[in-house]
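The structure appears below as C-alpha cells.
Chain IDs A, B, C and D follow the sequence of writing; residue 1 opens each chain.
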Amino acid sequence: MRIGVLTGGGDCPGLNAVIRAVVRKGVQDHDHDFIGFKDGWRGPLQGAVTELGIPAVRGILPRGGTILGSSRTNPLKEPDGVRRIKESLAKHEVDALIAIGGEDTLGVARRLHDDHGIRCVGVPKTIDNDLSATDYTFGFDTAVNIATEAIDRLHTTAESHMRVLVVEVMGRHAGWIALHSGLAGGANVILVPEQRFDVDEVCGWVTSRFGASYAPIVVVAEGAMPQDGDLVLKNASHRDSFGHVRLSGVGEWLAEEIERRTGKEARTTVLGHVQRGGTPSAFDRWLATRFGLHALAAVDGGHFGTMVALRGTDIVRVPLAEATARLKTVPAALYEEAKVFFG
Amino acid sequence: MRIGVLTGGGDCPGLNAVIRAVVRKGVQDHDHDFIGFKDGWRGPLQGAVTELGIPAVRGILPRGGTILGSSRTNPLKEPDGVRRIKESLAKHEVDALIAIGGEDTLGVARRLHDDHGIRCVGVPKTIDNDLSATDYTFGFDTAVNIATEAIDRLHTTAESHMRVLVVEVMGRHAGWIALHSGLAGGANVILVPEQRFDVDEVCGWVTSRFGASYAPIVVVAEGAMPQDGDLVLKNASHRDSFGHVRLSGVGEWLAEEIERRTGKEARTTVLGHVQRGGTPSAFDRWLATRFGLHALAAVDGGHFGTMVALRGTDIVRVPLAEATARLKTVPAALYEEAKVFFG
Amino acid sequence: MRIGVLTGGGDCPGLNAVIRAVVRKGVQDHDHDFIGFKDGWRGPLQGAVTELGIPAVRGILPRGGTILGSSRTNPLKEPDGVRRIKESLAKHEVDALIAIGGEDTLGVARRLHDDHGIRCVGVPKTIDNDLSATDYTFGFDTAVNIATEAIDRLHTTAESHMRVLVVEVMGRHAGWIALHSGLAGGANVILVPEQRFDVDEVCGWVTSRFGASYAPIVVVAEGAMPQDGDLVLKNASHRDSFGHVRLSGVGEWLAEEIERRTGKEARTTVLGHVQRGGTPSAFDRWLATRFGLHALAAVDGGHFGTMVALRGTDIVRVPLAEATARLKTVPAALYEEAKVFFG
Amino acid sequence: MRIGVLTGGGDCPGLNAVIRAVVRKGVQDHDHDFIGFKDGWRGPLQGAVTELGIPAVRGILPRGGTILGSSRTNPLKEPDGVRRIKESLAKHEVDALIAIGGEDTLGVARRLHDDHGIRCVGVPKTIDNDLSATDYTFGFDTAVNIATEAIDRLHTTAESHMRVLVVEVMGRHAGWIALHSGLAGGANVILVPEQRFDVDEVCGWVTSRFGASYAPIVVVAEGAMPQDGDLVLKNASHRDSFGHVRLSGVGEWLAEEIERRTGKEARTTVLGHVQRGGTPSAFDRWLATRFGLHALAAVDGGHFGTMVALRGTDIVRVPLAEATARLKTVPAALYEEAKVFFG
C-alpha cells in the first residue's frame, strides 16, 4: 500500500513522533510505501511532496515542529480543491491518507472522506487540548510543562519585589493550559476563556495574597475576557506602525488594571511561541507514538473516516465527524475546584 | 474536624502537593484542623507528630520528597500496633486519617478501616505506576521524564563511540517506566519484568542496529530477567566488603553479556534514586493536587475505606480493598506494540 | 562582629547563594552575628530588619530571588538619608555592611564608605553582565541558559511554518545576553544596543536564510535601536489604557518591519521576567557562593570600600570606585566575530 | 586551503559546535574546503574520511557527541603510523589539520607538528576540566549542570528517608566536577582525587548533619581515595561474570562504610555517562563556538603547533607543548575554601 501523510494547522511538539511511528510500523510490519505531502493540505492541493521512508524519520522523535511543514490552507475553499486533491493522490498512487491536525485539518479530512470517498484516517492535534473526542492531545503536556516552569521562575522574582506578575498563556477558546499550569505552578488566580472574570474580584484575590506577605501570580489564558470587557479593552487599543488598530493582550491590560486599582506594581509576561516549540515531553512522545501506531493500524484495517483518540490509557477509534463536532472546554465544576487556591 | 495525614513507603515527587491540597482545602473551605504524623505509620504508632497548617504547606508544591517524612514501618506487625495507633488518634483527637502511600501503606489503611473501624481515606502513590485501580499515580510521569532525558543524552555518546548503552531504570515488578521512557527516548530494545528476555535475541537487535550504522540504547527495568536467568546471574554475584553475597544489577550483567557475545563495546548507566527525587512534573503536580482535593472531599463526605483514583480525566473513589488487590503490570499486547521499534 | 547584609536593584538568580555563603562562613569560621536589612537601602534607611542566621539560610542556595527583598531606593536622594542610615547601623550595632547589588547599589556603598566612613564591602550583581570590573556577574549565565533554551524551542516552530521569529531578550545598555544566547542558540541575526542596526541589512540576512530553505531567528536586545530609529519608533507608539504614550518594544516593531519589507510572516517573543527568576545555573551558584565567601573574607580582613570580582577563575578585590566607573559593553570586534553566523 | 578536522578521546558536549564554527567561518570568510577524518586519529591513519561542508554542519550546534565519531587510537603506537598519516593527508590534499581532543589527542598533534612538520592546530577538550593551559574546557559546564541537577533531586529523597546519599561523579585525576557540582548542589561533603579522605572524618560530617535534622549528600569524584585506601578497597573487589577481578566504585564502597560505621542508611548514585551526553549548556556552546572560530583563525594565520585556550573572557593561543605539559588539579586552598559547607 502507498500512504500519504500530512500535518496541518499550528505546529505542536509530537508531530514528528507521529510521523516516525506511522512510517516505522508501516515499513517494518507491512512493507508499505509512504509519501509526505508538504505544508498541510497545500501539499496534495499543489502537488508538493517529499520522500518519506525510514531514513527521513531517523532521529526526529525528540524534535519539535514537523518535518513535513504545515499551513492553514483549506482546500475546500480553493477553486476546484477537491478535484485537484484527487488528481494529486492519483498521480502519486496514494491509497490512503493520514491527516494529522486540529479541528480544521480533520474537518477537511472528514469532508473528503464522507462526501468524496477519499480514504482518510485522522490523528488529532491541538496544543490547547480542546478536542472533545480524546482525553488528551499531544503537545498539551509539553506546553503545560513549559508554562509551569515559567511560573516557577516568576514566583521568586515576584516575591523579591513584592509585585504582581501576570502570565499570559495560550488558550483562545479553552483554558486548559491556564488551568493545568496555574494549578501546577501554584498560581494565586487563574483566568480562563470559559468564565468572564470580574477585575475587582481578581484585585481582591491579589490584595489578600499581599496581606499574607506573599506576592501573587495571575495566570490568564489569552482568550480570557473581563465581565465588562469589550468597552474597557477598546480603550487599550492602539494603532500599530501600519496604522491598524490593535488590542493589547489581555495580560498586559490586566496588569495595568491591577496596578491602577490596587496601587501594587504589576508586570506581564506573555509566554507566546515558546509554549509550542522544542522537544516534546515524555508523555507527548509516548502519546504521539501510540497515535501513530494506531493510525497506521486503522489504515491497515480499512477503518477510514475515523480518528485515533486517547481514552484513559487506551487508544481507541472514533468517527471523524464526532471528533470535530464540539469544542472541549473547561467545565465550570472543574474551574470551581481550582478556586480553593485563589487568593 | 481534626484530620491526620501521613505518607508511607518510598518517596515520590508529588507527595507534598497532595499534603498541600488537603490542608488548603480543609482549612479554607471547611475550617478543619490538621495534624501531621511523621514517617508513615511510625507516626501514629509512636505518637510522632508535627503541626500541619497553612504555614507548613507554603511553598511545598514544587518540592520533591515529603515534609512529613516516610518509612516502611508496618504497624500490623508490631506488638499491640493497632491499639497503639488507636490511642495515638484518640490522644490527638483525630477524627479521620488520610494515608498517602503504596500497596503496603494502603493495605494497612484498609485493615485498620475494615477490621478496626478507623476512619481512613487513601491516596495511591507508587512511582512504578503498578496499582491496578488507577490509570496513573503521581511520581511516575516525573520518573519517566527524567529517564527519557537521560536516554536522550546517552544517544549522542553512544553514537560518538559506536558502543551499546544499557540504561537500567526503576521497576522491580512492573515495566511501566522502562516501557514509557524507552518509547519516548527512542530506545532500540526495551526489557521489562513481565517478559523474560532472550539474551541472544537482544544481541540480534543490537547487531542489526549497528548494521544501520547507529549505536543502540537498551532500556532495562531493574526487575527484568533473562530466560535462563538464575543460573547465569549467580555467576555475576560477588561478596561485598562485609562478606555478603550480592547480585550485580541486571543492567551491568547485560552489558557484559552483550559485549561478550557481540564483541561490541557496551556500557551501563543505572539511573537509581535521581528518578524519584526533585521537583514533580506539571502532570504530577496536577494529579497530586487533585488527589488531595478529592481525598479531603472523601473524608468530608464520610467515604471512609476508599481511595481516590484517576480514570481518564476524572478523579473517582474506589474501595481500598480493590485498590490493593492486584499489581498492574504491562500487558503482553502493549509490549508487543513497542517491538516495532526494536533493532 | 555584627554584619549587616542587603540586596538592592533588580532581582537576580544567585542572590540567595551569596547571602548563604556569607552567613555560613561568618558563623562557622568566625562566630560573627548577622542582621538582614530588607529591600535594599530601604532597610537601613527605615530600620527594616530581619533575623539572619544559619536557620534563615537553610535551603536557599537553589532558590531564585532574594530572601531579603529588594528595592531601588537611593538613600542619597532621601532627606537626611546618610544620617538615618548611620543611626540604623548604630542602633543595631552593625560593624560592617555587605551590599549586594548593581551599579546603583554599589555606587551608594561607595559614597557611604568614601565620603561617610561607613564600613562597606560590595558584591557585584547585574543580570546584564555590564559591570566592567568583573569577568562575569552571577545571574547572567542563568539568563543566557533560559534565553538559549527558548531559542532552541523557537527554531522548530519557525521551521514548521517558514516564518521569522524575533526574540527580544534583556539588555538595555549592553548586549551580552543577546550575544551569548544568540551564538549559543544558533540565531541568524543578533542585534545589540552597542551597534545601531540597519533594518534593510537585517531583512537581507533574513531573506538569504529563507533562500537556503531555513527559517530565521532574530535575537534582539531590548535596548537595540535601528539606525534611523527614533523617527520610525515614534510611529509605533500608542496610548495605553491610562492615556500615556508607550513605545512598542523593539522586538514587536522589528517583526512588523520585517514582515512589511520582506513579505515573510514574522512573530515576536518577548522573554521578559522569566530570564531573571528561578533557580540559578550551576555556574551562577558557584560564582555567587565564592563571591559570598570572599566578601566575608574582605570584611574580616578590613578591606572596606572594595568589591569582590571574578578574574579568570580567581576571585579578587577591586575598589568600589573602579567597579562602578564604566559600563562594560560588547566590543565591536567581538560583535564582528559573531557575524559569520548571520544570514 | 583544504583543512582536515578530527575529534579524539571521550565524547563531550560541544564538539559539534566547534566543528560547525570551524566550517562556517572557513567556508564563508575564506572559501576553504574541509574534510572530516573519522574516529579521531583512526581517520587519517586508515584513510577514513567523510564530507564536511555547510550542509553537514547544519543543525548540529545543540547536539551532543560528535558527527565525526571518536576513538582513542594513538597513531604513534601504530606501525608506520606517522607515514600513513602523511600519506592520508597528501592523498586528500589536506593543507592543515584541526585536532579537537584532550591530552592524548593533542599530544599526538604536538608530536606530529614538532617532530614531523605536519601543520596542526589544537582545540582542547576535556570534560574533567583538567588541562592547565585554559581556564575552562567545553563540556565541563554541561557536566556540572547535570550533576548539580541530580544533587538537587537527591536532596529531597535523602530528607524524606533521613538517609545518606553518596553521589559519584566523573573525575579520575581531578576533582573539578565534584567541587563545582558539590558547591552548587549544596553537598555536605565533597571528596576529590587530589586529597585522600579519612572515612571517619567523613562519618563525622555526616553525623553532625543528622544532628541538625537534615540528611547529608556526599559528592565523591570517581578517582577519590581513602587514606588507608588500597587495602580496604581490595576487600570490596569481586569477580565479575567473566572471572575478572573488579573493584566496586568508590561511591558504593563509601556508602557501605558510612552505613557500617554510623548505623545510618546510605545509598549510592553513580551518574556515569549521562554527564557527558546530550545538548551542551549555553556556556559550552559559546565557548566551543569561539574555540572553533579562533582555531580557524590560527590555521589561517599560520600559527601551527598552537592550541586555542580561554583566559578570562578572551580566547588566546598557546603552544601545544605547554597545553599538554601538566594536569590542572584542584588546589588545596580552593578545596579548603569549600570545607566551610561540610557537615
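To be clear about the criterion, contacts are C-beta pairs under 8 Å (C-beta built on N, C-alpha and C of every residue); 3 or more make two chains touch, one makes a residue touch a chain.
For clarity, every value in this text was computed on a predicted model and none was experimentally measured.
Interface note: subunit A and subunit C, two copies of one sequence, contact each other through mostly matching residue numbers (shared numbers exceed half of all numbers used). Comparing the CA-atom centres of all chains against that of subunit C, the greatest distance is found for B.
Taking each chain's centre as the mean of its C-alpha atoms, subunit A lies 34 Å from subunit C.
Chain centres here are Cα averages; for subunit A and subunit D they lie 41 Å apart.
Within subunit C, contacts with two or more other chains are made by residues 152, 279.
Interchain contacts close the chains into one ring where each touches exactly two others, per the touch definition above.
You'll find the chains touch as A-B, A-C, B-D, C-D.
Residues 21, 24-25, 28-29, 58, 61-62, 135-136, 141, 144-145, 147-148, 152, 180-181, 183-186, 214, 279, 281-283, 285-286, 289-290, 293, 311-313, 337, 340-341 of subunit C are the ones touching subunit D in the complex. Contact residues on subunit C toward subunit A in their complex (touch as defined above): 10-11, 13, 15, 63-66, 69-71, 146, 149-150, 152-162, 165, 232, 235-236, 238-242, 246, 248, 253, 256-257, 260, 267-274, 276-279.
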